[in-house]
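Two complexes are shown next, each including subunit A; its partner changes from subunit B in the first to subunit C in the second.
So, the complex of A and B:
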């Protein structure tokens, strides 16, 4: 049996806009997605902000009801059998909220342990173990309000593990962390994987998904645009080369003219201060450079480089831009 | 809650105890709560004492208890009433809902902490008034009073669950809260007997569990009641409590379902 099964899941938000004229706007956050996660697998959902990652996770952890479609955790329906799902899963929803800031880290864990009916005898040894696992063993007695963002996020992970669930949902566990904090969180995730936990992780960092996940669903505008292993996803851009061209103040007509060229498979523009970096995907490799320069004629051009594609480029190809 | 096995009962009692403990620890430093719990009843007690100082000794204990009850009611209305909303602001509500403990159990623990903290204010008023003002205060029927107090706590805790759930359903929380504070003081006879009110309000008083609490506490403190009418008040309070528990189970099921459909468990 699969650990997680998702069938044709859809979720529409209908936020009420305005106080007097109650306009109702519809937002399709998750648009007919299906996937499964095998026991012990580390599965990634990768997508830009607003793609529907958090919505998907919230449905799976029973705090949001789907508009249509269904999902099962270890065979239990997340809507009809939420009570059976809840003790079997742990989750974090990213960010630093969701903790009792006036209490210490250890007190937060003690409280959630009681909510998850962890035997007091067990939590006595489990809490110190978890605090060590997430690298907070020296700070456990301090109030959470004094924790850094990364510490709060790691405390969340410890909270999710209190009842030793088989299945974990980690929604953007490294969001907003500095590179060191993010690396520490990834280390924790790797350790969990080694413990044979089933993990569903969402992220908008390509390299994080690449480094951690066995399979990745790339999601954009609520839809899965690709689902495969990182290696297979790279196949999308296998025959392409990436030409990076630095330009200064490129007009949009020139970008459109480049995009119209048949030999350019994909073009993304990154703004870096007053210059732009064109990321051009082409099958022609360095041979395409003179043609590109001909179109850029008259503009100030900086560095030009040709390189092999990475998973990042596959992501750019699938999602259409750098994901911002 | 008929289907609860003993196994769950101990787990739930443990949740109530840990919720109680952490609510208590979080609130001891909260200025607003200190005001509601300690200073407001004291101010009311002193004002009332000053106005009633010619009325004689038996009135004093009435005022002490009445002012304690105002503190109890205010804290139930504002702190228990906002309990869920505060969790929502902190971002902890989603974690509470997703945990395998019914949310009513958590609400019971929070309410218990709040009610017992307010009871502290009754004691403070009592001690301050008797020492500073030099009034000799005594409880006429201490055992009946103690039992009344315990049942009062139970019934307030249960009443608080209903208040918390109704306030989640009703978005105009603030207006409801302010509008309910003083009418209940008056309707429940905290500070003067309801016999002074027009007759049509009496049935309203009977519907409110704080009325029966005030009746039992006032009567046993002053020695004006019989065992029969005090224990009748106990029975009504316990009856209401069971009713509230049943109702709250249903109310929360509806409310949480609606919140999961409308995505209102967190601030988007």
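So, the complex of A and C:
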């Protein structure tokens, strides 16, 4: 039996706008997605902001009812059998909120242990173990309001593990963390993987998905646009090379001219301080550089490099330039 | 079954203590002193001076007792609604509603410490009345008065649970709190003889908590026996239970609607 099964899941939000002239807007957040996760697998959902990752997680952890379709956790339906699903799962939603800031880290865990009906004898030993697992053993008695963002995120992970669930949902666990904090969180995720937990991880950090996940579903505008291993996903761009060109103050019409060129498969622009880095996917490799420079003529051009594609490049190709 | 009951009792008590510390925003020495000691004393002095000015010094005990018992609403209304509605501000609602916790133990537990806090508040009010305003308690049975205060604080906190559930819907805790607290100053009979109110207002008064508690406390302090106020107290208790049930139903309805509409995290 699969740990997680999702069939034709769809979720539409209908926010009401205006006070007197009320208008109902329809937003399709998750659009007919299906996938499964095997026991012990670390499965990633990768996509830009607003792609439907968090909505999917919320449905799977029983805090949001889908518009249609179904999802099962260890065979139990997340809507009809939510009571049976809840003890089997742990989850974190990205961000700092969701903890009682006026309580200490340990008291937060004590309270949630009661909510999950963890036996007092077990929670007595499990809380120190989890605080150590997430590297907070020395800060457990301090109020959460004094924790850094990374510490709060790690406390969230400890909270999600209190009742020793088989399945974990980690929704953007490293979002907003500094590089060290993000690395610490990834280390905790690796340890959990070693404990054979089934993990569904959402992220929009490509290297995170590449480093951690065994399979990845790429989601965009609520739809799964690709689902495979990181290696197989990279095959999407195996015939391409990536040319990175550093430019300063590139006008939008020049970008449009580049995009119109037939030899350019995909173009993404990253703003880095006052410069822009053009990520150009092309099958022509370094041969394309003179043609690109001809179009950039008159602009201040910095470093140019040609490299092999990564998962990020596969992602850019799959979700288009609108991805982050 | 028995094990599950034990776990729910544990959830009730642990939730009571930890939610009080976590969510009751006045739980810092300056805020507590201002809101639970100084503000009640100011209310009492204001209404006692105003009331005796209008109706004569012999009615001072009417206002002292009324405003002392009204202090149950400080904890029962403000405290309990903060402990329910505060989860929205802390962003903990999604995590609470994804747990297998018994919702009744979780919900009612939020009020438990506030009942004790409310009892303390009422006694403090009576203490100010005795020491500063000369309230005569020589004919009072302290045990019966304690029972009256306990039941009144319980029923007021039950009302607070309903308001707390309502504050999850309205997303504005203080608006709900302030409106209800000041309406209670009129409708509870703390500062008005209820017989002076129009009949429709009296109907509202007797359907609210506090009203019977204030009436009972006045009788006990003037020397009445428990048997004389037993029917009032029985009804006050039932009113408290009714408001808890209504609050719980509203809480569950909120949980269902929020999951359906995706508004659990909306602030």
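We take it that the second predicted complex is superposed on the first by the 320 of 324 C-alpha atoms of A that agree within 3 Å, B and C clash if a C-alpha of one lies under 4 Å from a C-alpha of the other, contacts with A are read in each partner's own complex, and residues count from 1 in each chain.
Please note the rule applied: a residue touches a chain if its C-beta (ideal position, glycine included) is under 8 Å from a C-beta of that chain, and two chains touch if they have at least 3 such contacts.
These numbers were taken from a predicted model, which means no experiment stands behind them.
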Q. Here subunit A is shared; do subunit B and subunit C fit on it together or clash?
A. clash
(Q) Once chain A of both complexes is superposed, is A:63 in touch with subunit B (first), subunit C (second), both, or neither? (A) both
Q. Where does A:87 make contact in the superposed view: on subunit B (first), on subunit C (second), on both, or on neither?
A. both
Q.
Under the stated touch criterion, which partner chain does A:98 make contact with: subunit B (first), subunit C (second), both, or neither?
A. both
Q.
Let me test your reading of the model: by the given contact rule, A:120 touches which partner, first (subunit B), second (subunit C), both or neither?
A. both
Q: Name the contact category of A:229: first (subunit B only), second (subunit C only), both, or neither.
A: neither
Q: Applying the touch criterion given at the start, work out whether A:111 contacts subunit B, subunit C, both or neither, answering first, second, both or neither.
A: both
Q: Report for A:305: first if it touches subunit B alone, second if subunit C alone, otherwise both or neither.
A: neither
Q) On subunit A, what residues does subunit B touch that subunit C touches as well? A) 13, 58, 61-65, 83, 86-87, 91, 93, 95, 97-103, 107, 110-112, 114-117, 120, 159
Q: Give every residue of subunit A touching subunit B within the complex, in rising order.
A: 13, 15, 58, 61-65, 83, 86-87, 91, 93, 95, 97-103, 107, 110-112, 114-117, 120, 159
Q: Please give the residue numbers of subunit B that touch subunit A in the complex, ascending.
A: 11, 14-15, 17-19, 22, 25-26, 29, 90-92, 94-101, 106, 257, 260-261, 263, 265, 268
Q. For subunit A, which residues count as touching subunit C in their complex?
A. 11, 13-14, 55, 58, 61-65, 83, 86-87, 89, 91, 93, 95, 97-103, 107, 110-112, 114-117, 119-120, 159
**Q.** subunit C - residues contacting subunit A, complex
**A.** 4, 7, 10-11, 14-15, 18-19, 21-23, 27, 90-92, 94-101, 106, 259-262, 264-265
